[in-house]
Every structure is written in C-alpha cells, then in structure tokens.
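Okay, so subunit A shows up in both of these, paired with subunit B first and subunit C after.
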Partner chain A sequence: MSHAVRGLGIDVGSTTAKMVAVGSNAEMIWHWLEPAEPRVEEQVARFLDKAAAALGPLSGIPSVATGYGRGLVPAMRRVTEITCHARGVYREFAVGVTLVDIGGQDSKVIRVGSRGETADFSMNDKCAAGTGRFLEVIAQRLAVPLERLGPIALGTSEEVAISSTCTVFAESEVISLIARGVAVGAILRGLHRALVKRVVAMIRTVGLVAPLVLSGGGACNPAICQLLAEETGMAVHLPRHPQLVGAHGAALIALEKDAD
Partner chain B sequence: MSVGRKMVYHVNVNLLGRAVLRWHRLKAERRGGAPRGWKQEYLAPPLSISPRTKELISRHYLAGRYAHLGRKVAWVTSGAPVELLKALDYYVLYPENHAAVCGTVRACVEISGEAENAGYSRDLCSYARTDIGSALSGKTPVGKLPKPDLLLACTNICQTVLAWYRVLAQHFRVPLILIDTPFLFGEASEHVITYVRRQLEEAVPVAETVAGKRFVERRFEEVTQRSRMASQLWLEILERNHHQPAPLSVFDQFIQMAPIVEMRGDGFTVDFYAALLREVDQRIAQGVGAVTKEKRRLLWDNLPVWYRLRYLAEFLAERGVAVVASTYTNAWGELAPMMDVNRPWDSMVRTYLHPILNRGTGHKLATMIRMIEQYELDGAILHSDRSCKPYSIGQMDQRDHLVRECGRPALLLEADHNDPRSYAEEQVANRLDAFLEMLGV
Partner chain C sequence: MRKAVGPIARRSEVIRQQRERGGWVAAVLPIHYPRALLRSFDLLPIEVWGPPGIDPDHGAAHVQAYVCSIVRNALSFILSGGLDVADVIMVPHTCDSLQGLGSLLLDLVRPRQPVVPFYLPRGERECDIQFLAEEFRAISRQLEEITGRSPSLLELIECVKRDEEADGLLGSLHHRRNELALNSYEFYRVLRAREYLPSEDFVELARSCLACAAEAPNVGVPLILSGIVPEPMSMLALIDELGARIVADDLACCGRRLYPNGVSEDPFVRMAERIVRSAPDPTRGSPLADRSEHLLRLAAGSEARAVVFHGVKFCEPELFDLPVLREELKRAGLPSVIIEVDLNDPLSHQVRTRLEALLEMIR
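The block that comes next holds the complex of A and B.
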C-alpha cells in the first residue's frame, strides 16, 4: 500500500518521538511512538526503516519535522510544534478550539481560529511546572508508576493543597507531607491540581474559547482531564491519538506542500 | 586643578587620544564594506557612520580615563537631568551604559558575579549588579572607569536606582544628589512640578561645591539647547522608519542610541545625529531597507538583549522580518518637544518627569498602539526582561490588549537584558519561529 503514503510527519519531543504517515485524503494511515532517545538521528533512521517496512519505499515522500529535536531530522521542512498542533487538531475537529498540550517538558496552549490558523499561543516559561516532568519527578519520589498517578489521585476525595508549582520546591513539600503521614492519594490529587492550575493560568493568557481540547502525554492522565474540566468549567475533549497531534499536523503540512 | 594636570589631560585626551581614535576611524572608513560574516543576503550593508559611533564611544571612555586630571566626575542614572552637570563641565559617566557595554561583550556574568559574591541578590537588576561588581573589583572592558566625585540619581526610571546609588555613595564616600520624581498616573500636578523643581534648584549648590565652579545660567541654556537638538534629530531618525522598507532597524538603533544617552548636551552629539539622519535619508532615497527583503514589520518593547543583539537581528532578518520601532529607543526622542530653551527650568522638570517608565502601563500601551498605527506594524515582540521590573510589569495585559483589541499578534519573550543566565536560546528561537509562522513568514 506504499502508493497511499503522501506525507510524513516526525515529532521529536523531549520525552517521546512520534511519526505519522498520511494518505492522499489526509487520513492517518500509519503511526509510531517511542520514548525519545538522546541520539535523535539514529532513532529517526530507525523510524524510517520501520515505516518503509510497513508502507514500502518512502523516497520522494515529502516530510516535515517538528518538536525540539526537529533540527536533527533530515526532513524536507521544519515547522514548530505550535503550527503543527494547530494543523493536526483542526484536521480532527474541523472547528476553532483552544488546544492545551501537556508534554514531557513543555506545555503549550494554542487558540486555533475558525479557519485552522494559530490565533494566539502561549508556552510554559523556563521551568518544568505545568509539564509532565513535574509529575514524573514526584512519581519517582513516591515510587508510583507514571500511569498509576492519575487513577490514584482520582481514587480519593481527599486532597491536600500543594502551594509550590516549582518542581524542586514541590518535591520537598511532598517529602514533608509524607513524613507527616499524609495519604499518597491526597498528595497526588493536590499535585495534579497544582499542575492544572498552572496550565489554566497559561490558558488565560490566550483566552479560553470553547471547545477545549487536551493533547500530549498529559491527556493520557485521567486526573489531569478531570481537574482541567473542573478548573475551567468546560468539557475537555480528547483527540483520537492525543500524543500524535503534532506529528499528524506535520504530515498534513508535508502533504499540502507537496500539493503546492 | 593645576595647569600642569590640565595640560596632561589635554595632551592625552584631546591631542594624542583623539588623533589615534580618528586614525582608527579613518582606516575603518577607508576599508569600508561589511565585516566578516556579515549576512549580506538579508541585511543592508553596515551603516557608514558606524566607525564614527565607535570613535565617539571610545573617546568618551578615554576622556573618562583621564578625567581626574582636568575635570570633576559625576556618575548618573540614564534619566538624570544631566544638563545641570554638563553646564558645570562635569565628565559624566552612565553606569547603565557601561553595564550595557559589559553585556554586549559578554562580560556581565563575570563582573556581576563580583557583586553576587559580595552578597547582592541575583534578583537585582543586572545593570546594578554589573555596575556594583565593577565598582568593587575594578573590572571593566573599557580600560578604567574614573571614580565619581558626585552621584546623581533620578527615580524616573525605577526605584532600584535609589538603593543602587546609595550603595555607590557609601562605597566611594561621595555626595549623592537624589531627584525624586513622583510617578505620574495622569497629568503632572502643580504640586509635583514644584516639588521636582525645588529639588533641581537645591541640587545646584551641591554640584557647584563639588565642581568648585559657579553655575552659569547661559551655559545651562546652551546645553539644554544641544540636548533638545540632538533628541529632536534622534526622533526624526526614528520616524524615518515610517518608510517601507524601514531604513534603520531597531537593532541598529540600539547601537546608535549610545550618544543620545551618554553624550546628550554635547555639540558633537548634535553633529553626529545630523550625519546619521543624512545617511538614513540616503537609504530612503536609494530604496535601501535595513532588512533586504522586508515582509513583516514588528515592534520591540523593553530593553534589548545586549549579548544576543546580532543573533536576533540576523534571525529575524533572515526570515524577512524587520523590527522597525521600539518603545525603548523612542524614549530618548519622545521628550524632545518638551525641552524648551526659553524656559529651561520648567522644561527640565517636565522632561524628566515624563519618561515612559514614570508614566504607568496604560501610557506605554497607548504608545505601542500609536506606534503600531504610525509605523504600520504587523505585530509586536514584548521582551519580558527578568531584570527590569518596571518595564516588564503590565506586559501580559498589554499583550492581551494588542492581540484582542488591535488584532496584532504579540509575543512575550523571556530573557534578561544583560544576564545570559536568564536566557535560553533554544526556547527563544522556538517561540520566535512559532510566532513568525503565525505571521505567515
């Protein structure tokens, strides 16, 4: 079915690397996701081999790279995550949305206009608060597997207030809470709340316009989804593949450029 | 001051020093052309006035080096009523400008480290840290700074200067004149005007005593006249950017503004800006834009990022983006109409009460909106400067307003004007790229 591939998108993020292939109708026909490796070039080469094995030869297929590692990807073009996410989410929802993407080491909020254009955006500043890294650090400290964080937080109605959004300070705050015998569930719920509040502050800078869509690794965490809905008072919609929105958008841009 | 010392000063500064610097300038002018690595594809050739700018700045620091042989030295804040001191023939040093030089040559971390080691917090403005670090250690990229005989601080830019200059006064054990300019939320009231005027009048005898000279009103008027002329020329130069393509990018302005800040009131500064205006007009006549393929025009808010000036200029120019107006460079021109030689005291009070940083966030927003309209700008970059709180406060709301009410995309870019430890190039580049994609370039 190699004839069907018309565009490739590669999103090399700080935590995961993803690749999406689209067909001539912009539909996603293949995708791949792995934890990001330090040797970006090698990982991408392997991705391309995998894609070629599944889809047939890829030479001549237009490609677009995005994400922090995009400079190291041998693609036809490089486009920022902002533009790619806007394109990806618009393809799926076909209306203007406010997209919140919570990634491993950065979070962003994009207001996508009714024609799919980026109307405004905001990214987290130079710290890990409001990103997946915030939870990852604490998960390690509490020896809880990452995927269990959300369910444990939602499994209780108790919640302690975590005052620090700084990852380092929050970590020491957690240590002292544990020392005081506070239940892990209540701590985790409080941590998710702190993260979501930080994200909501970012949403405010671009203005919240419904519908609200959540993507990135953060979307795989049910506590983030629920608390985000609570804090914004709005329903949170998830894309079919929350972690592939950027790569999909990149593939769509590759396809469009090909059509140009 | 003995005749002998004056002679040595004259020979070193006015004869030998000037001759050497002039020779350097002439050599650079003869050589002409662009320096190595100049991105000719997207940047206009360097301004031919550049060697002269360099000469002026070098001459200024050279005069400083020997100042004590012939003159009294005052250190002043960038918004200080310097005309008073120039009328008394002080050599005037601007620690903020000196700190910017340190920033440009990337010496800020080392020099401000001296202040940090002495216990000054990293939350303090990086200009203050650089200056205090330099005062404590003697480190400077300009050879040697003259010690002050007098300090003059004016609070019309921030309250940091208040504490900073007290530290300097203690360190150097010299008198400090402090001019307190109440923050203006609207029009300056009569009471405020009288209050500032009295402080200025009271400053004169102090400055006279230190200078050992009498204040002559006529001299003061002459200096004020020259300040006004230079500021007026600077404003005209900036306004030439109404033309498309803009002849002078904001990054050029950041360099070319040095004389209007630190040599305001001198005759050669007027000549310098007259020459720059001629060159800018020449560019317009020849259709030369600072950015060769100007596709979008932007506003810059706040101080520059001194240590990455060229990088940012090239990054944007390469993508066809010209930054053509800035609230910062405008600050040294916009007050020109307030300077009035016929009423030098009144006009001085008004001028030094009205800098942009003394007028609140609403005024700055109004300035930005006016610039966006007048310069036909497509968007704005708001440098959120870790150091300069008074300039950065309110930027979130200002950005919101520009986006929502004016329909202009605006980007908040986090950095620090002098301290590269508060700057992350990857993130800056990523945000700029995303912003430019949004602008369709």
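The block that comes next holds the complex of A and C.
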C-alpha cells in the first residue's frame, strides 16, 4: 500500500505528538496521536515504524515536521505550526477562516485568508493562561478527570467569576472558592469563561472573520466550544480531527513539495 | 570575502580612558538627552539600557511587578554598585516608569551620585523646543554646581556640531547598511557603540565601517525592526540565520535617534531642535498617524516586506500604539509580528517560531 502515501506530516507539540499520512489527492489516509514524550527522536522513530507497518515502506516519501519539537524530527523540511495549521484548516473548510487552536501549552489564533494563506496570527505561548495547561492544573486541584471538566461546567447554569487569568492566581482563587463551599460546577464554568475570554482577547488582535474554527485539544472540551460561541456571538466549527490539523497541514505541504 | 570590522572598544575600556585623562562619567537612562551638554562639562555619557542579563532582585522591592526590565534592571544595577563608576546619573522623563525611577533615586534610594532628571515635551511645536531648551539650561546650571566647571557657549556649540557630525555618519550607516560588510549582529554592535563612545571616536568607527563595503549587496527577506532595544542581540543572528535581514529600523536606541542637524546658533535651542525634530517616537507623544506614516515611508524606501515589533515586556508607550499601528500596516499590505522580551531572558524558541511564521507568510 505504500504507493498510496504521498506525504507525511509530523507535529510534535508540547503535550501530544501526531503523525498524518496523505494520499495523492491530499486525503488523510492514516494518522496517529499519543502524548508527547521528552525523547522526541525516539518517539518519532517509533511513529515511523508504526506508519511503515500500516502503510508499507516509507523511504522516499516527503515529510514535513512542525510543532514545538520540529527541530528534532528528521524530516525533509520544517515548517512552523502557524503555517501548517493554516494549510490544514484550509484543506478542510476551503474558505478563509479564523482558526483558534488551544493546545496543551500554547494557544494561537490564525487568520487564514481566502487562498489559504496566513493573513495574521497571534500566539500565547509564554504563559499558561488561555491554554489547556490552565485547565489541567485546575482539574488536578479539583480532582476531576480532564475529560469531565467540560461536561461538568456545562451541567450547571451557575457560574462564579474567576478574576485571575494567571494560572497560579486562578488556582489560589479556586482554593478560596472551594473553602467557601462554592459548587464545583460553578467554579469550572467560571474557569472556562476566564480561559475563553483570554482567547477572545487574542482573537481581537488579529480580527474575527467568520467562520470561526476551533482546533487542538481544547476543541475536545464542549464547554470551551460553547463559551467561545457565546463570547464571540459566532458559531464555532470543529474540524473532523481537531488535534490533527497541524500534522495534516504539514503532510499537505510535504505533498506540495513532492509535486514541485 | 567579507572584510571584518576592527575591534570596538568596550564600555569599561572607554570609561577607564575617560577617567585616566581626568574626565567624568554620566550614566544616562533612555532615550533622548543632551549629549553635547554633558560633553561640554567633560562628562562622558554612558547609556544604561538595563543592562540586560543582570540579577534584577535588588530593584524588586521598590518597583511593581509590571515595571519593564529596563527600569527594573537599571535600579538593580544602581543598588548593586554597577554604576559606582558614574559621577552623575541622568534620568529623562521618558515614560512613567523612568519618571518613577527618577523619583525613587531623588527621594528614597538615594545613590551617592547627584541625580539629574528632566522633562521631555510631548509635542513638536516651537514652544516644545523652547521648553526643552529651558530644561537644558536648567541642567547646565545644575552641572555647573556639580562639576565646578563653566563651559562657554562656544565650547558647547562645538560639542553640538561634533555630535551632528557623528549623527550624520550614524545616518549614513543606517542608509547604506545593505552595502556594508557587516552582518546584522555586527552592524548593531557598531550602531550601539554610539551609546558610550565619545562622538569623535564614533566618527572614526563609522568612517572605517563605511569604507568597508561588501563585495555583493546583502540578501535576505527585508524586514523593519521596531521597538526599544534589540536585546537579546542573538536575535539579530537568528534573523540572519533565517534568511532575512533588517533593512531599516524604528528602534528607540537606534533609528529614532537619527537626530537632524539643528539650525539655531543658540546651543540650547539647537540641542532641543535636534531632539524635537527627530523621527516619531511614542515616548515623545508623536501622533499615531505620524508613526504609521514613518513606518510606511521606511518600508517604501527600503523595500521591507514586513515589520517586527520587538518590545520590552510592559513597555506602555510601545504597547499602547501597537494595535492601531499593526492595523494601519496591514491595510497597506505590510504584515507584522509582535515579539515581547524581558531583558533577562535568553532568546526563546517562541521568538524563533514567530519570526519563522512571519517569514513563511511573506515568502
């Protein structure tokens, strides 16, 4: 089956590592996702073994690496996650979009132009506010599994205002709220609101143009989707594979380079 | 084959030489100040842009967490004895944080040296020139008391003209940067030697660089660098490594201080004219329209394809303007990116990603 694979995209993020293989029509034919490991080279080698086992020999297949760990990946080319996300989302939606990607340790907003080009972008990558890490820290503090955060937040109409967008300060604020007997659901809803407001501030720096698309691990959280829609007044669209947009974009760039 | 620029004297060496020949030293905080006035009193101005990479803890007790690292580091540097070599500390009222530093030094954490603060007008009118000239006259009286010296007006105007010659050559370096045998890092080391070299020494350095032409024009995606100070300087090497080059700048320590010659024969007025008539600067209250026009003019003149706004974290004057400036540039088809740094942080992977993404946008 190796003849079907025409490009590989490898996205080594801070929280998850992803690989996507595309065929000659740019369709995603294989993908893999697992938590990122500190030994990037070893993990990528294992990914390639898995891909080869599923797809056949991969030698000569063009590859593009992206994400935080892209420099450690033995790929034909390295491209930033900004460009790869733009390419991946444009492939799926075929129009210019505003893409919000909420990852484990960074968030980005990308204005994708009508030809699929990056028109502007904004990143939040030095502070956990507005990223998945913000919710991870709080989930740990509240002893709630990560995947339950969103449903619990949406399961109540009560909401307390969390004034701190700083993760460390927000955690302290949560401790005070718990001590006052505030319901966990109301706290979680307030925390999601704080995260989304931080993201909306980033959206404003690049300008919001419909449609609004949400990707990254944050897109797996229904409360982020709903509150983002509330805060922007705009429908939020999800890609088929929200966490694979960057890797898919990288594979598409590899495919284009192959065609060149 | 590139010709290397000869060694540039280090700050410590320049200070030692000044001391050895009986001269004094003035530590000067950013950005604009009457350099010639200090020289007329045989005070060598040594600018203090932080400095970067020092332990900022000495200053932490005195300033808020959101004060920029230039001010925080400067205070720490003073408190830890880093400026003991200076005889005078000059603090222009550049922004609220620097004014706060001036107040701290005058009233609370008094250093052993006299502190000379002064106000900068926020405008470009004739009355702003007159106001600034009066400030300079007041500083002159203060320096007479401090140093016991009384330079004549003739001596002062000679210092002003020497500065004009040095700044003229500084302008030539900026305009001919693409022809010089210097990479970005080397080029900005030369420009920033103006922060401490006596004007006459800078003239020599500038002339030697201008005589050192590259065999072929420098290539790379042309960018404008805007902001306060290009720290960490390793970012300049990164820009070269990524296949880009800085073709013009709007930096507070560089391009915003290409002071034009003055016209008045009154040296105080002439020094004021030079500062007030220089490139738009948010710390001097320049209108946003002037700033965006200036950036677009720089871009047109240098064929720059994007602007890198390289700010120091918490720098209010810079940050206030950015959304409108970016929008104006975007409207004109010029993409931009914002990079924020703390003077104590090394070059981060995030900075690299932002620069790479910007270049991917325009390539």
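Quick notes
Heads up, the rule we're going with is that the second predicted complex is superposed on the first by the 259 of 260 C-alpha atoms of A that agree within 3 Å, B and C clash if a C-alpha of one lies under 4 Å from a C-alpha of the other, contacts with A are read in each partner's own complex, and residues count from 1 in each chain.
The definition used in the following text is that a contact is a pair of C-beta atoms (placed from the backbone, for glycine too) under 8 Å apart; a residue touches a chain by one contact, two chains touch by 3 or more.
Predicted, not measured: the structure shown is a model, and the values here were computed from it.
When both complexes are overlaid on subunit A, subunit B and subunit C end up clashing with each other.
Once the two complexes are overlaid on the shared chain, A:68 sits against subunit B and subunit C alike.
Applying the stated contact rule after C-alpha superposition, one finds that A:123 touches each of subunit B and subunit C.
Once the two complexes are laid over each other on the shared chain, residue contacts for A:30 go to neither subunit B nor subunit C. In the superposition on chain A, A:134 makes contact with neither subunit B nor subunit C. Of the two partner chains placed around the shared chain by superposition, subunit B and subunit C are both touched by A:83. Common to the subunit B and subunit C interfaces on subunit A are residues 68, 79-83, 117-118, 120-123, 125-126, 205.
Subunit C contributes residues 323, 326, 330, 335, 337-338, 348-350, 353-354, 356-357, 360-361 to its touches with subunit A in the complex. Interface residues of subunit B, counted against subunit A in their complex, comprise 396, 399-400, 403-404, 409, 412, 414, 422, 424, 426-427, 430-431, 433-434, 437-438. Subunit A meets subunit B in the complex at residues 68, 79-83, 117-118, 120-123, 125-126, 205, 207.
Those residues of subunit A that touch subunit C in the complex are listed here as 68, 79-83, 106, 117-123, 125-126, 205.
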